[in-house]
Structures are given as structure tokens and as C-alpha cells.
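The structure that follows is given in the form of C-alpha cells.
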Amino acid sequence: MAGERSFFGPVDPAADAGYDEDHPKRKGFFTDTSICIGCKACEVACKEWNDVPATHFDMLGSSYDNSFSLNANQWRHVAFIEQAKPMGEQESGLRRQAVALGMPTMGPPGSVPPEPGEDDAVDRPDFRWLMSSDVCKHCTHAACLDVCPTGSLFRTEFGTVVVQDDICNGCGYCVPACPYGVIERRKGPEGAKNVGIAQKCTLCYDRLGAGSTPACAQACPTQSIQFGDVEELRERANARVEQLHEAGIMDARLYGNDPEDGVGGTGAFFLLLDEPEVYGFPPDPVVTTKDLPHMYKRAGAAALTLLAGAALAFVGGRR
Amino acid sequence: MGIGDGLSKTFLSWPVVRQLTGPDPLGRGPAARSRHTEELTARTETADRVARSVCPYCAVGCGQRVYVKDEQVVQIEGDPDSPVSRGRLCPKGSASKNLVTSSLRETKVRYRRPYGTEWEDLELDVAMEMIADRVVKARNDSWQDLDDDKTVRRTLGIASLGGATLDNEENYLIKKLFTAMGAIQIENQARI
Amino acid sequence: MVPEATFTSYYGRAIVKPSPWEADIPTYLFAGGVAAGSSLIAAGADLTGRPILRRSGRLAAIAALTVSMVALVHDLGRPERFLNMLRVAKATSPMSVGTWILSSYGPFAGAVAATEVVSMLPSRLRVGPLRLARLVDRPAGLLAALLAPPVAAYTAVLLSDTATPSWHAAYRELPFVFVGSAAAASAGLGLVAAPVHETGPVRRLALGGAVLELVMEHRMERTMGITAEPLHQGTAGRLMRAAKVLTAAGGAASLFAGRSRTAAVVSGVALLAGSACTRFGVFEAGQESAKDPKYTVVPQRERLERGEPVRFRERSGSPAPSPTDPVTGDRSGDHRPAADT
Amino acid sequence: MAEAHPVGFQWVMEAKARGARVIHVDPRFTRTSALADTFVPLRVGTDIAFLGGVINYVLQNELDFREYVVAYTNAAVIVSEDFQDTDDLDGLFSGFDPETRTYDPTSWQYEGSETSEDGGGDQDHVLQRETASGLQHETHGAGVTSDPPRDETLQHPRCVYQILKRHFARYTPELVSQTCGVSTEAFLEVARAFAENSGRERTTALVYSVGWTQHSVGVQYIRTGAILQLLLGNMGRPGGGIMALRGHASIQGSTDIPTLFNLLPGYLPMPTAGKDDSLDEWLDGISHPGSKGYWANARAYGVSLLKAYWGDAATPENDFCFDYLPKITGDHGTYRTVLDMIDGKVKGYFLLGQNPAVGSAHGKAQRLGMANLDFMVVRDLFEIESASFWKSSPEVETGEIVPEECRTEVFLMPAASHVEKEGTFTQTHRMLQWREKAVEPPGDCRSELWFFYHLGRMIRERLAGSTEDRDRPLLDLAWDYPMVGETDDPDAEAVLMEINGFDVATRRPLSSFTEMKEDGSTIGGCWIYTGVFKDGVNQAARRKPGSEQSYVAPEWGWAWPANRRTLYNRASADPEGRPWSERKAYVWWDAERGEAGEWTGHDVPDFEVTKAPSYRAPEGSDGVAAIEGVDPFIMQGDGKGSLYVPKGLIDGPLPTHYEPVESPFPNPIYAQQANPTRKEYARSSNRLNPSPPEAHAEVFPYVFTTSRLTEHHTAGGMSRYVARLAELQPEMFVEVSPELAAERGLENGGWCHVVTARAAVEGRVLVTDRLSPLRVEGRTVHQVWLPYHWGTGGMVTGDSANDLFGIALDPNVLIQESKVGTCDVLPGRRPTGPDLLAFVAGYQRRSGVHDDHVRPIVTAGPGAGMLHSGDETPDPTGGS
């Protein structure tokens, strides 16, 4: 049942949306990017199950990311980040290069003969390759759902946020509402299903109903994507961060796991190894409807101003 | 009566009414659910049968479950029972349904006649007869009983490449037939 | 100005998505404003005996409303499902709220436009039920006028209730900018349509609307921080500059509109154009702010650097804030920076 | 591994989570490196130097698992005093004949067996090279003396251990660093980790992908790994071993039941004319009478196969139709065959789920070969490049193939997919897994089983009544299988039953190859697969959930031989039969079990179950009886792991570092530059880039290598035609380091082209820190990486990286060197049409690989500088 925290703050979203006491536990994803191998099985498994069309056939030149972003035709998106930073204790091997052997140069034309001290130049900074599979966050306070004027977007009994394809009329309001840029109106390709309506991850709502694991999590070879009860996943995530810290990977941090954050915590949350924006996440997202009551107040005041102004214009004109 | 009932049912199922009368005044949850949503079922649940299979790509040998509905493959996913893969699949394995149901698949024999510039259609049985004729002829034309006085009983006129993507039973028959035929340049990816 | 911000992003790609809306939506914002203002003017004219102003107001309102509805439906990905808007009534959705406001306002605006048309018919044709038109004429007009201000104001919430940086950050002032713009535009239309002797009130409304719009827009930009930038750049920048010039000029010209029909027309046209530019400019600026990750990252990052992330804090000792106002900004520790998006 | 075998990589991640340390050695930083604890980049083609360095580290510091080494390997065996090592001969072993570029291995033999019957004297290395005899050793070593002289103290200067120590002494950390471009510090870190994580309590696993085999010294790469793992006691033990990650669903199966020219099922060799002219000669050549081990029963395996092939027609009187087997006379490998196609010697070509126009080295030679046939049958799911070479290959653009002038008749026969037929795959773990048929194949799509059965039937119908001797093998063929399904498919289970074998009289399925008979009373199509139908049950179809059985999961599928999951697992116990440690217990001797004790454990013991550790072979015994209780390597002629290989390898008894065939560097160790015994087809259509000591190597200053991407599958036939995969990696690209990009003016996202003496291939540029220049032999070398998945067909097209390679083969198995070559890299797109030919010709001219150019292959010893034009005559068509 709706209550004081319906717009902000920790809450059980399914209960808040009116599901009765015995609704299932909230389901979600814990994506541990520290073990992601960037294989994109999640992208493919998702598209196969959900019949999401393939549309993007251009190489982007951004490491191995050719999927660009989460969008109507990409409900999972694997980010690839090549960085001049060390990965904890990992020996990338790319830092320490040449050992000066003091041997005479015999470089063939075409290769630059090493100058004195070039060994230092070859000694590059350290390196790591981060990969991370992004997905709809299934926010506790979901702006897309709140702004949807048709009730197409709804909260399921699992606490997830799902578009009802038969209802959505493609108003597009959910698109700018999402603080993560997840949901999008499907533009094409021609002949694909659901063109013109909003599309995003459903956390495989149909599979959940059948007691199955969402397609992406089932496929994930290294269990970087873990599916389960959010509460349990949060504990698992905390333990994992601790473990990584002990292993010297001090960069490890969780993103979206805090029920007190700007969106009330997310159903799909992440273990990251750098700042969120490095992966294309907003660093401190806030659900826009948190401010909605205030907005309504301002709009009410503005409306009254207009009414009063008009009245004054006519009344004052009596002179 | 019937109409009245229908109307009242329709009215009562109007989400606005459900919002006003139920536990979901904001219209976020139960009140907003559509009939289609209520009827949603995973197609793995409605499949007619499930075949236990193995991924056709690399040599890890991940288990697959192939769901069939109305004689069409409707889903292929990892088999959680497999001790090899524990239900997981890589992007290629995950694309298996796309592989077997791809619209680019050839389902008709295609024929290119000598010096031809385009594909032509050919009936399967005709193609088989033509191939059998050509094999017999090529074998006869290139038959070799002796090589430098040594008995060889073979043909060097027929070669084959492939097998690493095929079944053991298929490789067995391929090797058996070609060997009986005297064809020896039978090779596959293991040489490459 | 805000100094050039340094920030990190993923290959410079956008974080939030721009709305999929195109010119339909700013057209709708503009036309909705004109409709609302015109209904107010028509009601005022009706009450104060300005028949031409009344007529032009009523007809302008229904025309603008029609334009806005067409634009709204056209913008849908599935126009045939327009009626699904009435499936639910969602207080959390400004678009749903707007739909219901329009659904309430529309029939009255339509009815009063119909009675106006009936009144224009030769009396021999005003037969049967048409004769009843007189009975509903004024009540319908007044109800339309009462429902009109929300029509003009809600569109600001529509834009602000998003993660689009330059829209959300503007949420305090944008309703005032939009009602000012609506007043100026509809008054401008009145100036064009009605004879000078009937335009006294609309001249005042024009001036008031223009001043309100300009003042609040200025204030808005000052509170938006870095997200004000898009209002000054590119197409949006040009539109906003044009809007200011046109609105200021229109407002100034309205001072002479009582004396000169030409001045009235110039003022009216300038105000209409200014209002349109404001709507298109604000719209465009928001779209641009969504495409550049800077406007999403920088304000949030600054918040974090200050050690003031947006976090829910239970008010100590006091159980709950008022149910009608669960989240407004007076909670301790609930930081509300100028540009939280 | 994460890159090409992601699901297998889950077990690496699991191990890592439990504390294992993951080290990745690769020319470039890959998805695997990203998750490894340590990444070591090295120069392509220097793996023997690297691992040789680790071996040296182990030996110099005496870190080997001595008890294991003495008991289970041939470390103690004394080698002939005639043996001379590469150190003595500047890169050659004793016995080298510069004329034929092969060795007489007599001097490599164990002491006392130089002149014995199974010594080196009868070995013909020229023939063995031609017939890729190394492949026969997939299951076993070449026959060696079972009882050579030993020095268990390992002090004898000519014992294997001491030879090994001397041989690898050159591979110092400094040499490794200089050769591989690896810092001594990084190298030592790996060496230490290897040694510290091996022994009684710990094991180290060595994992390679089959790029390792695609070198002119590929077999010796793997030998180096094997030596190291034997020294450290990591073979036959849990968590140890050498794991080959193979790349195709049934590539292991198609090696076991080979579609390979030199093998018959179960690694029985194809008979060679002049050597195997009778059944006895053929079988004795396999069983090496007098040797230890299971090959002693080769007669039963061979006869059962002949019975499976020719059924009732095969009788003891006619030597079981042995004469029906065609004889090989040398190299009939795929590359030899392709060159023969170019020369017009081949009439018909079948392509079965394989796309050599993209996937084989020297794509141009492949396509020109196809264009010069009478007919070609392509069986595939899609219209792959090899089917449409006559209209869309790059040679059509350059004018080298003119459709109107190309006579090859092409049949593109649509194939059934893996869900449209039933049968077994054998994957990289030697496990057979049965697939159920889900649906009927669409339209004209048919399985290979259907195609070949019916093709055979139709051919036999055409020959019926023939009195030609040559047609007897076809007419007498046992070609009678029950039909199933709507399309009349032969019953795959019946075929599997034939493979398994059964008693002819009772048709009782055999449960083990030990039940096979020499008298023709059993049939069996592949002896190592016997047992897959044990008890009449299709064991490959077993699917007991992994969660309901032990971690070895013996009840899922069936692994050959005899459902053993880890080969040679007797070595997981000490000589007395006790586990080396409780932590690493796997298979052990339980004296309480059975009548007089039995081997038991988590896996099926790879040993006679009742043979006690204390068993010693009676004097004069051979075969299985000669295997003693402490001989875990039961397929080897001496029951021991071979640190040193006196027989069976063409290029030497020990691995030694040779430069790749194309290298910008002289061999830093020896005057012998590259593998002197390699197979090279020197002809104008197979130009190889010059390497030291030849001049003009500088024309191709960079080193390139290729490999797979996770998103695609080999030649792209199963991925570029699949939208979901095509979109993930939609364009051909070339990875370069920022340093090389700066040197050559390459821009990320822009175009570049890579040039060799064969071709120029273009792709988009991906500038990445994952590649870095290395310091080798005192100078900087840039390495370039290309994926090889693209061609002209499919949803996403691009140039094919394999076009860049020439053909040079490992002498043992005739696999091509297609993981390393030299090249030039230029910005922008390559020329097109005839200009492309002129462009490549310009490079050939400048690098001196002109028309009658012949490379010096032997660069050390008396034959140095000798030209080997005799290896191949210039092809008549002139080629490129």
C-alpha cells in the first residue's frame, strides 16, 4: 500500500505498490563486474529469449563494445574500459617492458631505433581492462513507472518494473524520466515486434513466473550476473567487497545497493572497480519523482498566479 | 443481463476503478496489470517437448535444452544438469536458436553449373543422382592400382574436408565410405 | 559563469536519454499555453462585455487545443492507443494528470466554442437544441477558464519531472516561465484579433505575462548551475535569445498597443513568437543537456565531492512527515542542491 | 580461454576463487588476461624458449618432483653414446641428412637398442613426415624398448635427466628475456609459481588453445609443456595435466574417428604402400611386438575394424579384406591436396561443414584450388564463401577467377543442424555426449549421416554387377543400417553400436576393447570407443545431473577410454599405490578390496584394476603383462612418461627453440634458424616472407598473429550468418599498440591494411594498450593482432586474415604455421582489383621473393645454405 515512502526512502516496492503480504521476495541481479569476462552471453541470451532485434552492425572503435548502450534493442549492455591503472595486485605485464641489454641496435628500416633512455619511454603505466554488464536497475523508486500515463509500466509482485507491451502507447515519457538512460522507445527495425513502444529489461518476468532464472543470469559463464532475492544478494555483495578489499583490490565498491540512495536502492545493483561514471552510470542518481510534490506546489502557485493575473488584468481594466 | 454483466465487468476491470477500490491507489501495481500480463507464461512452460542436446560451437561441450513447440524450436538454453557447463552458455551457444532458425539458412539445394554465373535450383534427389554419377566417374577416371609398382588401390581424384563439426557417427560413415571408395585425401579441421 | 568542468564518462556517451519527442511536444506546450490563456481571456471578455475578444479567445482556445491534441497524439509511438491514457489516473505522472486536466478542460472549451459558433449563426438556423446553447454558454466558459491555469502550468511539471538535467533543474521556476509565456502569447493573440477598444485587459496581461516570463527565466538560469549552459548554446541558445528579445519587444510594444492597431499587431505577433521560442528553446536545451553526459555527471559528482549525496534520512524523533508532502525539502540531511538531477 | 572457451573458463574462475593463481602468457592482453593474476606478454613463436626457461629453472634448482620423476618417467634411462644434442651441432641433432632435411634417429635411441628390431634403424623419417605419423601418437608414444638401462640416481651423464639438464641449460632467464621479449623478473615469477605450486600437495594445470599447434614447431611446443608437467609431477593427477582447448564441437571425435588421410578409427594408421602391404606388416607396425602396453593388442583392434567395414566378406582367409584398404604413399594432407587442385590433379571435392576459403591458411590458394575442379559438394547451413567462391571471392575482383571461365560445378547441399539430427559429439575432454533430435530438418536439409549413407547406396547401386576388382570394396561394404525418421536417416544409434563393437555371433555389445578378438569373431569400428554401448546401454546419453554426483561426474556422458576422465591416473598415487597426499587423492590401491586388492578412487582407474603396485613383469613378457605395477603410462612402450622421445618425432627427441618460418629475428641460440625438418611447399603460389639469414626481411618488419574473438566462431560460417553474433563484432579489425599507431600513422577507428608476400588485408584500426611493443634481441618489435572470422559472405563482411599466411607445416602432423608471420602495416584502405595484385607483387619484388626464389631452410651444419628446390616444383599455372 502506498505510504510515506512511496516517493523516496527504503521500502518494499511490491508491498508499496499494493501487493499483499505473501507476495514473493523481491528479485534482482547482483552484477559482480570483477569477474565479468565481457563475453556478451548476457546480451545474446537476453535477445534470444525476449526476441529483441539486432540492429547495430557498426564497429564503434571503443574497445570491444559495439552495442553502444542500453536501449530499446539492447537490454543488456557490456561496457569495456581500457585503463592505465593497476588492478589490485594483478601483474598486467604491460607495465614493465624492455630490459636494457645494452646491445647494439640492429633495427631494420621501419622500426624506430631505440634512443638512449627509450627504455623508460617503453615503460608504460599499468593497465587493466574492465568489463561490466549493465541492465535496467529495477529501482525501488522507478521514475519510468511513476511517470507512465497508461499504467503500461508496472511493478510486479517480484518488485521488478516491467512494460506491458499491450498497453504502452509510446508516449515516450519514461525515456527522459529514467536517471540511468535505460528505457527507450523502439524505433525499428521495420517488422520487429513492439516498434513504437517503450522497451527495456523485464528481468524475464515470464521466466520468473515459471520459477526460472532470467536468461542473462542463466547464461553468464562466470556468474558475474547473479540472480536471486535482493536481500540475500546484498549480503553476498557486501561479503564480496570485503573479500576483494582483503585481496588488495581497494577499488571495489557497490553501486545501487543502498536502500537510502536517491532511488531507494536498485533491484539490479553492481560491484564496480571504479567510479560509476567510468562505466556510464550516473554517480548519484535521484528519482525525479522525489521532487514531484514540490513541483506540483510550484505549478499550483504558477497556475494561481495566472488566474489572478488574468483576473487583475480584467478587473484593473475597469477604470 | 449478459450485456449488463459484461459492461459492469468491463467497468470494474477499468484500472481507474481498481485504483479507487483496491490497495493500489497510485496505479503502480496490481491495479495497472493488463489481461495479457495476467496470462503471461514462459514459452519453456508451454513447449511440447524438450530435447537434451549439446552446443555445436566449440569443444567445451556445454549442455543445451532445446524447447520445441509445434515442431518449431522456440528456445535453446543451457542445461543446468550438465557438469560441464552447469547451465551456462557463451554468446555463441546462447545464439544457437538464432543459428538453427536463421532466415539465411539454405533449405533448398543450390546448383552452379560449370561456367555459370548464378545459382540455380535443383531437386534434392536429382542432385544426389548427379553427385553419385560424378563420384563414380571421377573415381574411374582417376583410379590408381599401382604407384611405382606398389599396390595402392586408390583414387587421388576425390578429396574431402570437414568433420570437426559433425557427429562421430557421421565421421564414421564418411571415413568408411571414402575408404571403401579408395579416396584417401579425407581431411578435417584437426589438420588445420 | 560556471567554469569548464572536467568529468569522466564512458566514451563521452550520454548517460540519460533525451526524450524521443520532436517538434510536436514544444508545439503542444505552446498551443496548450495559448489555449489556456485564451480561455481565461474569453471568460474575462465575456464577463466584461468584450464580444470580439470573447469570440476570438474562445475560438483561439479550441483551435490551439486542437493543435495541441493533434501534436500530442501524433507524437505517440502508437497513436491508435491514445485512449490508453485514460486507463489509469496516476498522480505520479504529470502526463496522466495533464491528460485528466485536459479531459476536463477540453469539453468545456469545446462546448463554449460550440456555443460561440452557434451564436454566430443566423437566428433562423438556431433551432431546436441549439437554442439551449445560450444556457450553457457562460457557465461553460467560466469552467473552462477555471481549468485553464492548470493546463498552462502542468506542462512545466511535465518537463521537469524527468532526469533530463536542464528540465529537472528548472522545476522551481519553469511553471512561472510557462504561465507567463502562456499569458503573453494568448494576450498577444488577443491583441492581434480584437479591436483596440477591447484590448485593455489583454495589454495588461501581455505586459504582465512578458515580465513574469522574463524575470522568472532569468532567475531560473541563475539557479540551474551548469545545467543552464544548454540554454545558451546552439539552437536552444538562439531560440532563447530570440525568445527574450521578442518577448521584451512584444511587452514593450504592448504599451503602445492601446493607441495603435499596428503596434498591437506587432506586439501580439512578437509575443506569440516569443512564447513559441521559449517553448522550443527550453525543450531543445533539455534535449541537448541529456545528450551530453557532462550535465548528468558534473552536478552529481559535485554533490558527492561535497560529501552531500542524496540520501534518505529518517527524521530523528519524529515519525513521519505529512502524508501529503512526503518528500519536500525540509528533512534534515536531505540535501537539495540547486541542480539535483 | 575466457576469449574462446568462456564457459570452460568458469572453472578457472572457480579455482581462482578458491585461491588458485592464474597466469596468462599471450602475445596480447585478452579477456583471459583481464581476469588473470599475472599477464606475461611474449613474442609470438617463442613459447619453447619460454617454457624451456621454466624447465631450466626447475632443473637447475632441482625443483622437480624427484620421486615421481624417477618412478614414472624415463629420466633414469641411459641414451646412446652416439647422441649429439643441438648444443653440439648448432641447432641440429645428430643424424641429420641435409639432403632430405630429416634425421636418422638411430643415435637418439636408448643405450643398447640402437640396432635392435624396434630401434631407429627401420625408421624412415621422410615417410613419417609425409604421412604425419605424429598424429598416431594421440593415444600412445611410438614403440620403444621396454627395458632400457637405467640409473635411478640420475647421475649418469647420458641419462635422460642429465641430457635434459644440459639441453635446457642455455635457456637462462636472460636468454628467455632476450628471445621472448619478457622481463627476467616476469619470467622468474612464472617459473617460481610453476615450481612452488607443484609437488606432492599441489598441482599446476597447463592449458593451451590449439593456436599452439599452428606452428612449424607445434608438436614440440606441446612436448615442452609435457616435459615440464612430467618433471613437476603434474600428469595423471587432479588439478594437473595439459589441457588442449580444442575449437570445434567434435574435433576430438573427428580425430578419434578420423576424417584424416593418415588415420583409421582409433589411431590405427592408414597403411602405407610398400611398408604395410599385408595385414601382418600393418599390424606389427602398430603393435611393435615385444613392447609393453595396450598396443600389443593392435591385431584385435585392426581385425575388428576390418570386420566392421567389410562384415561377412572379411574372413581370416582373405586377411579380413585388408587389401581393400587404399594405401597412402606420402603426404595427402589438405594443403598438399589444395596445391594438387591448383595443378589440376583433383576432380571432386567435398566440404562438410568447413569453410577453407576463410578458415584455412593461404585463402587465395584455397580458392584457386576450388576454381580448378570438376565438381564440388558443399554441405553447410549457409551459403558460405567456399560455396560461392566462383562469384564473390576476392579473386573475382582481381580477375584471377572469371566466373564464365571457371568450370567447377558446385552443389550446395543444405545441412541439418545439431538439433535436427541425433548423434554424439566428442569434445575436448574426450567425452561423448549424445544429442537428442529436437525437430525434423527443414526443406532439403539433411544430416551427413543421411547424405553419405544414401550416396553410398546410390554408388553401390551403380556398381552392382561390376566385375572390376576395384569395385569389390564398395560392393562388399557392410552398408546396412536401419532407417528412422521422416527422411530415411540411418539410425545413428545403430552406427554408434557398430563403432562400439559387438560379438558377431550373439550381437552382444562389447563392454571393453579388451573383449575384442583377433579371429574376426568381434567387430568394432573404433576400439577406443568400445564401452560406449556397455551393457547395451547408450552410455553417451547418460545425463545424471552434475549436482547429484561427484565432481568427476562419471555418470554424465561417456569418456574414452573406458569412461576414464583423467588419463594415466595411476600416477595420482605413489609407486606403492598410496595417494601422493590426501589433498590430491584421486585413484589409489586398496589392498582390502576384492580378492587381493584393487585400484579404486574417484575416477575409473587407468590401470588394470587388480594389478598390484608390487607387480613386476616376468622376464620376457610383453604387451599388457609387461606393464609393471609402477608403470602408469600404459600406452607407452615402456610404461613411462617421456621426458625424452627416442622415437616418433621428426624434428628431434627434445624441443628446441627455432624461430618461426617468418621472423624478423635471427635465432638467438643456434645458427639453425627455423625448424630444419619443416614441410614447405616452395612454389610461386606459396611465397614466404624472407627471414634471417636471408636479405630483405626488413620489408616485413612487424610480427602478426591471429586468433578468435568470443563473439565469432572460426571461419564465421556459424556466426557471421547469425544476426545476434554478427552485430557483436560487425567488422574486421586490426589491433595495434599506440606506439605502432604513431609509427605508422594509424588512427583508432580508421582503416589500415596488413601486407605479406601473399596478400594485403584491410580492417578497421583498433589502437589499444593491450598490445605493447616488446624488446627482443636488443630492439623493439611491434606485434599486430587480427581476428580471422571475416569473409565476403554473411551479414557482416570483411577481409580474411588467413589470406595473409603462406603454407609451411609442422613436420610431425602437417599442421600449418598460421599463428605467426611477418608483415607490413600501412594506413588507409588497400588497393582493389588488379591494383591489389600489383601492390602485393611490389612487396614480393622488394623482399626478393621473385619467381625462382628458393629459401634456405638448413642454416647450420654441413648443409647450411643448401637450397631445397626439390621439395616442390614450380606450379604450372604460375600462381600469384
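Per-chain numbering from 1; labels A, B, C and D assigned in written order.
Rule of thumb we're sticking to: a residue touches a chain if its C-beta (ideal position, glycine included) is under 8 Å from a C-beta of that chain, and two chains touch if they have at least 3 such contacts.
Which chain is which protein? Per UniProt: A = Ferredoxin.
Everything quoted here is computed from the prediction, not taken from an experiment.
Peer 1: So which chain is the furthest away from chain B, centre to centre on CA atoms?
Peer 2: The chain lying farthest from chain B is C.
Peer 1: Would you kindly tell me how far, in whole Å, the mean C-alpha position of chain D lies from that of chain A?
Peer 2: 44
Peer 1: Suppose each chain is reduced to the average of its Cα coordinates; what separation in Å results between chain A and chain B?
Peer 2: About 33 Å, centre to centre.
Peer 1: Quick one: report the Å distance separating chain B from chain C, using the average Cα coordinate of each chain.
Peer 2: 56
Peer 1: For chain B and chain D, what's the span in angstrom between their mean Cα positions?
Peer 2: About 28 Å, centre to centre.
Peer 1: Got the chain A residues that touch at least 2 other chains?
Peer 2: Expected reply: 6, 39-41, 43-44, 48, 60, 146, 151-152, 167, 221, 223.
Peer 1: Where in chain D do residues touch two or more other chains at once?
Peer 2: 6-7, 10, 710-711, 723-725, 728, 795
Peer 1: Can you list the residues of chain B that touch 2 or more other chains?
Peer 2: Where chain B meets two or more other chains at a single residue, that happens at 15, 26-28, 31-32, 76, 80, 88-95, 98.
Peer 1: For this assembly, give the contact graph shape among line, ring, star, complete and other.
Peer 2: Graph shape here is other: it fits none of the named patterns.
Peer 1: Within the complex, which stretch of chain A touches chain C?
Peer 2: Where chain A meets chain C, its residues are 3-10, 60, 62, 65, 68-69, 71, 79, 81, 143, 146-152, 167-173, 175-187, 195-198, 258-262, 264, 275, 277-286, 288-307, 309-314, 316-318.
Peer 1: Touching residues of chain B toward chain D in the complex: what are they?
Peer 2: My answer: residues 49, 51-63, 66, 68, 71-73, 76, 79-86, 88-96, 98-100, 102, 104-119, 122, 124, 127-136, 138, 141-143, 145, 147-148, 150-177, 179-192.
Peer 1: Would you mind writing out the residues of chain C in touch with chain A in their complex?
Peer 2: Those in contact with chain A are residues 7-11, 13-21, 36-37, 40-41, 44-45, 47-48, 75-79, 81-82, 84-85, 87-88, 90, 92-96, 99, 145-146, 148-150, 152-154, 156-158, 160-164, 167-168, 171-176, 178-179, 182-183, 187, 200-202, 204-205, 208-209, 212, 286, 290, 293, 296-297, 300-301, 303-304, 309-314, 320-321, 323-329, 340-341.
Peer 1: Mind pulling up the chain B residues that touch chain A in the complex?
Peer 2: Interface residues on the chain B side: 15, 22-37, 40-45, 75-78, 80, 87-95, 97-98.
Peer 1: Help me check something: in the complex, which residues belonging to chain D touch chain A?
Peer 2: 2, 6-7, 9-10, 13, 29, 31-41, 177-178, 181, 183-186, 189, 664, 697-698, 701-702, 709-711, 723-731, 733, 739, 743, 748-749, 764-766, 768-770, 772-775, 777-782, 795-796, 824
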